[in-house]
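Each of the next two complexes has subunit A plus one more chain, namely subunit B in the first and subunit C in the second.
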Partner chain A sequence: MNSSWSSWKSEIVAVLKKEWQSESRSMSGIMTTALICFVSVIIVNSITWTTTINAMIGAGLYWMILVFAASVSLPRTFLQEEENRTADFWRLVARPEAVYWGKALFNIVQMLVATLIVSILFVIMVKVEVRNYLIFALTGLSGAISIASTATIAGAIASTASNRYVLSAAMSVPLLVFVVNLGITGTAWSFGEILTSGEKTPIAMFAYSIATCLIGPVVYSKIWKS
Partner chain B sequence: MEKLRNLLLLVGLPLATIHGVLVKDAVGFQYPEFARIFFWHFPCPIMATFLLSAGAFFSLKYIQTRDMSWDVRANSANELAMIFIALTMISGIFFSRIQWGAYWQNDPRQTSFLLVTTIYASYFVMRTAYSDPDKRALNAAAFALMAFLPFMFLTFVFPRLPQIENNHPNGTIMKGNLKGGYATVTIEIMILVSILTHWVYRLRSRAGILELKVNNYGDLQNTSGPTTDTPVVRRISVSD
Partner chain C sequence: MVEAKDLGKKYGERWIFRNLSFALEPGDCLIVTGHNGAGKSTLLKLLSGLERPSAGTLTTTISDYRTELSYCALEQATFATLTVTEHLELAAKLRGMVSDIPTLIQECGLFEHKDVQSQFLSSGLKSRLRIALAIQTDPKILLWDEPGVALDGAGKALIERVIKQQKQRGILVIATNDPDERRFGTHELELV
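What follows is the complex of A and B.
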């Protein structure tokens, strides 16, 4: 049991380390994500600076920024493997579930950073008042996990297609719409919108994120050898 | 069996339509005479839900067996489901305009079905991105399995969330609120649409499997009985 767990752990950590090392060479992925988040918040600020936006619209804009930033930047982890022709290497040295988990964990960290950046900028620049920081944080956290795991598997599925970058974004956005919908409800509630059971939204989002985290590796292991 | 089905559809569909027109008006609608669109609207999302579930199941079978006929079945089921989703949206939009005053009401069920449409639209977009049939089938199957989760949430959970205000009544049939002539016509049309769906699905999947066999002519020769002694050879010429 212990040796099995340690071999899993070492494979996942190896993938995670590789992701971090290749990212740290140029910081391209993190910089791109941060730039998209920053520019998006500035655009929202520039179109709303003369007006006060209500909680629901504010929450909608917040999640739109997150989901589009994620759909552009997160599938990159798998797409790059195909581009650099290193995907076969992983097929030789690691189990598919471990590869998925390593990349998903990297994407979750990246998404959490993006969520943090967007949240801080949004609160400062778009002037929305957060009434409940706990629900705001929990909604962001569960949303980031769901978005990262879904975008990871979308990237994995699209990685062998001819137009992989466009396709991965086109595939991940519809799959994320439900999470976004829940996220908007929870965030709007934390901004003060009166919504029945809005405070329970993070529970549903956590349930969804667990489901996607469980299904993702199973689906990936099936397309792994193609 | 086929004759019985054809007879049922040929005779049953017009009769059920006439029965639907003659049935007593339902109460509680702004224009009760137009509420009859319900008879045709109601089976569409049910058929779509059933077909999308079947599509996910066939995708799983493809992943397990790598038999291309399962991919054909999954694609056929999803294609037919898209037709039913379109019919649901169209009939729902007219119903919404007549009874609620606007074509689009931001009703949770309308919205959730639209979201399901976008998910499965990307399934078909994805299929076009692969030229290799095996890769296409495998990745489409993986996507269909991934899409099944949001589809289930959007269809069964989202419209029933406590914070969601819904124009669509929840559990009308389960609570026994669909009674009398309305219930009879609904059941009649539901049965007939189910038969029609099964027939169209079988036609589409059989055509797909035949197409597959024609494309894999060599495999067909190896697996399906006696073959011709001399293979067909066509002359080809390459122009300068």
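What follows is the complex of A and C.
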């Protein structure tokens, strides 16, 4: 058996392809995420229509929508496998790291799409002025990856528990607080709020994403057949 | 080779079974029998590595569980929106092997259903898909839980063929109470 990089790549792509095939035929995750993003921005728009909101509150609302959308859709990739009794398929034919990476990549793509939708709608519909589009985009990009990797690791760890949905949500909160704080700082800075090192938050968020992406497969392989 | 020494499994405080010891060599077919709840499926899960024993040790000579061990059970679900061919392609890629999927599909009587999503397959056809996934690698160890359930005459003939092939190739463990399947065994273990 070829255990080289090309073998790993082929296995990860196979998991990613399967996730895409399943999702494109049911559209449940994508539709749920898009709907939540859209409705959340509409609500924020309707309650702030008559007022101009400051940069910090604007950034807070933006991140609240992102986290809300992510927490509903992302952990499903692992939790659903247990619920549909398909988890044993993976355990019998795959390596845990390949399954984790395939699913994490799918979540990252899904979250990037959600972030793009939210960002465009937010800029158009909510009365906030983006002063630095580069930092706004980088914060959104790094934030999407951080949220997706965090939600993936929480979903993976909670997947074998009997109360998996509650546990997954409970685990995501403390892990996401750090990301959200950084994200709010970076986004507020891009909206014009004067904050120390606000422009450097995307770097910290990228570092956090890399850490969670590296730790995730190791943790998942430990609980793989527990 | 499969060797179990003083194997035991308990859920909570209740022992399902304990002190099971046996050794299997290539060519052996172990039939595991017992009433409902005796632990037949649980024993197969332990042997497959899907569950861990609560007591005792289990030794096998396999080096890669993905290609050398297969487990086939009615409770294994398939992916609702994937077709028969997609299931086999996915499994082959994850197992890191090249598989003659058209021949496998033909062998398992799934040719007419190869492009049908699993959610639209009957329970008998789903069983055939599970068999195809299990024999895809020509495993050294095949664990089979209630093989004949949901299968018609042609399906039973497929089981017989697979059992004969597996006995020539390696080790077979079948959990069943069906007298028709028990006749294939070289050893029998009754769980009480």
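Assume the second predicted complex is superposed on the first by the 223 of 226 C-alpha atoms of A that agree within 3 Å, B and C clash if a C-alpha of one lies under 4 Å from a C-alpha of the other, contacts with A are read in each partner's own complex, and residues count from 1 in each chain.
The rule we apply is simple: contacts are C-beta pairs under 8 Å (C-beta built on N, C-alpha and C of every residue); 3 or more make two chains touch, one makes a residue touch a chain.
Keep in mind that what you see is a predicted model, and the values were worked out from it rather than measured.
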Between subunit B and subunit C, whom does A:Ile223 touch in the aligned arrangement: first, second, both, or neither?
first
Can A:Ala170 be said to touch subunit B (first), subunit C (second), both, or neither?
first
In the superposed arrangement, does A:Thr51 touch subunit B (first), subunit C (second), both or neither?
neither
On the A-aligned overlay, A:Leu195 touches which partner chain: subunit B = first, subunit C = second, or both, or neither?
first
Just checking: does A:Glu11 make contact with subunit B only, subunit C only, both, or neither of them? Give me first, second, both or neither.
second
Check whether A:Asp88 is in contact with subunit B, with subunit C, with both or with neither, and answer first, second, both or neither.
second
Where subunit B and subunit C land on the same part of subunit A: residues 226
Within their complex, subunit A touches subunit C through residues 1-3, 7, 10-11, 13-15, 17-18, 21-22, 25-26, 84-86, 88-95, 98, 225-226
In the complex, go through subunit B and note every residue touching subunit A.
63, 115, 118-119, 121-122, 125-126, 129-131, 134-135, 138-139, 141-143, 145-147, 149-150, 153-154, 157-158, 161-163
Across the complex, what residues on subunit C touch subunit A?
48-52, 64-67, 69-71, 75-82, 86, 89-91, 93-97, 117, 133
Flag every residue of subunit A that touches subunit B in the complex, lowest number first.
150, 153-154, 157-158, 160-164, 167, 170-171, 173-175, 177-178, 181, 185, 195-198, 201, 204, 208, 211-212, 215-216, 219-220, 222-223, 226
